[in-house]
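Shared between the two complexes below is chain A, which has chain B as its partner in the first and chain C in the second.
Then we have the complex of A and B:
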């Protein structure tokens, strides 16, 4: 759901740019609590994997396709701030090198897919994981990852609809049901890919899943550090 | 380390980068070419023209729409874009990731200096 140039009015472009660049600055500062030298290459491969996976459009109903977003995956693996940095890098590279997503809409795309589909979904995931903790660390993480990966795509498409409506591009009651409808199908792909990748990394290297508290972690890392 | 790691960090990095490259190079040419969710809605609800009639704000994308320029075979042009994109994204992410580390080193240094003072 990369918004191209021409869909947003200046007001919406500017507001989302301010929110996204502000968050980016804060994430650059906060990510130091999640990263060490060992994690830097993991940042690179996560970004590379998300870029590649985003290229793989899969067919959904009626001549429409969807693709992976990856924000929830990045945040579960790396921690929310590093995950946000990874999403921002992917969206920036797509915009500047591949003309995927307009430059005037980059702020909105980072806002929708990195903040709404990212932070909001991630923190709800962590709450859900805690609520499900009696099912065990691994199961509660995988189940909440599946649900909130799906949720992230739907809620990002809802945010996108709101921006399009506020920009006067299309009436809200027209765009909202259409966007949320198709993305609730696309979100199933997001849930599948996210859960499978998290499960594989948990099998191979549980220490590389930042949200998996059963693994040995950095002294800084983990939720609740402010 | 309480848990047994199945593979070394190096092996993990090499294997996952290989997966990214395989997806980007060999699978991407077979991705669905149908419009994505937003494009489909824009087309159905009649506002796709707003994007088509707008000049892109950034005109210097070297590989627009994941089609490597001057390569006639579309599948090969997509593969090349996948290869280049995977490498660029990895490099940029590593470059960005170094910033917080540098900040942490700075913070640590100032912490030890202030500890020395007290």
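Then we have the complex of A and C:
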């Protein structure tokens, strides 16, 4: 889903760049409020974690494989703004050092995977979690994570195919069903992984899940001394 | 995994490696932007851009195999466009293969997408394989990219190979216990791996954070020596930018 250079026309590149840099600026401002500058090492290592997690491919039917996107997971675990910034750093490094996603398409890639697949899905997740709150904090978080992790992959691929179609690269009637179709299968993997990860982290270190507002956790082994 | 996994070959010695990182980044970014904004019909412009990339690649002594293997990332994208667009894009039919009609506009799109993505991707590969990661991050910082991004990215660079090694160890352990990645449902196992990877990474992050705080970390890395632009760097930057810009401007006449 990382769009390379040359696949988008200038119009699409510029619009998505403006949207992404604007959001980045705002997220930076918000993250400075909620985050001590010194905690940067933790964010950096989490970025390395997302990078490593994306290397664990899982097979999808028919010989293709998908990899984990992690936008919703990052936001659920780190909070929306830190999660978005971490995802953007990962995309920036992938673009500059792995040529995975082009420079002129970086705005579009951050837009698709960070804003549409990230913020939009995350806030819908929070709404769904509130709506499900009678099932309990933990269950409602897990259910809504599962659905919106799937949703984030599908909606990001839809945004990606709309941009490609508007740029005249691939016709809409071909690219849209194909991309959304493939990604609604890949999304099942994303949903399973995200839910399992959130469930396990909730069990072991609930203090690490930023969007979990349930009972305060017990102090964990090694706190303050590790 | 080796520690230079991200910026392999960036510590070789060559005329390109010795260019000041800001000049190199600006020149190659400008080349990419100009290349992407060129209309596909102007094939001679792409000859000029490809020439620039070829000269820089030769001067950099980065092995061609490395450049090619990293550039393979775009081929699936190009392949999809090549298989779909010529037959579906509306326009002048220039070839009929049974019930399939090949349109001229479709073929132009394929050319457009492949030439631009290849030139740009090779430019990016050249940048990252001739500039060590910390130097490029410092250059971006001096080009006014907020230091938050560069600092987070620098931590990522320092730890990614440890975390990836950790992931590789888990993968090896999993595979030696008869894991067969056949069905999407096995994503559960991968979820469990990713969960423990997250907790381990986060705990490592906390340890690093505490260790750095106790050594006086203030949120940014101290810098001891910043390189200045020398005349060679200015020549490199202006030569590349001017050549590309003049090829692009020649279209206006």
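What we mean here is this: the second predicted complex is superposed on the first by the 203 of 226 C-alpha atoms of A that agree within 3 Å, B and C clash if a C-alpha of one lies under 4 Å from a C-alpha of the other, contacts with A are read in each partner's own complex, and residues count from 1 in each chain.
Heads up, the rule we're going with is that contacts are C-beta pairs under 8 Å (C-beta built on N, C-alpha and C of every residue); 3 or more make two chains touch, one makes a residue touch a chain.
Quick caveat, the model's predicted, so the values are computed rather than measured.
With both complexes brought onto chain A, simultaneous placement of chain B and chain C is prevented by a clash. By the touch criterion stated above, A:196 is placed in contact with chain C alone, chain B being left untouched.
Of the two partner chains, chain C is the only one touched by A:188; chain B is not.
Of the two partner chains, chain C is the only one touched by A:77; chain B is not. Of the two partner chains placed by the overlay, only chain C lies in contact with A:168; chain B stays clear of it. Once the two complexes are overlaid on the shared chain, A:89 sits against chain B and chain C alike. In the superposition on chain A, contact of A:7 is made with both chain B and chain C. Stretch 73-81 of chain C is the one among 73-81, 91-99 or 235-243 that clashes with chain B after the shared chain A is superposed. When the two complexes are superposed on chain A, the residues of chain A that touch both chain B and chain C are 3-7, 28, 31, 37-49, 51-53, 55-56, 58-60, 85-86, 88-90, 92-93, 95-100, 102-104, 169-170, 174-175, 204-205, 208.
Of all residues in chain A, those touching chain C in their complex are 3-7, 10, 13, 28, 31, 37-49, 51-53, 55-56, 58-61, 68, 77, 85-86, 88-90, 92-93, 95-100, 102-104, 168-171, 173-175, 185, 188-189, 192-197, 199-201, 204-205, 208, 222, 226.
Of all the residues in chain B, the ones that touch chain A in their complex are 1-3, 5-7, 9, 12-13, 16-17, 19-21, 23-24, 27-28, 31-38, 40-42, 44-47, 50-58, 60-66, 78, 81-82, 84-94, 96-101, 103-104, 107. By the touch rule above, chain C contacts chain A in their complex via residues 6-7, 29, 32-33, 35-37, 70-71, 73-74, 77, 80-81, 84-85, 88-89, 109, 112-117, 120-121, 124-125, 127-128, 133, 136, 146, 148-149, 151-160, 162-164, 166-167, 171, 181-188, 190-199, 201-210, 212-213, 217-219. Residues of chain A touching chain B in their complex: 1-7, 28-53, 55-60, 63-67, 81-82, 85-86, 88-90, 92-100, 102-104, 157, 160, 164, 169-170, 174-175, 178-179, 182-183, 186, 203-208, 214-216.
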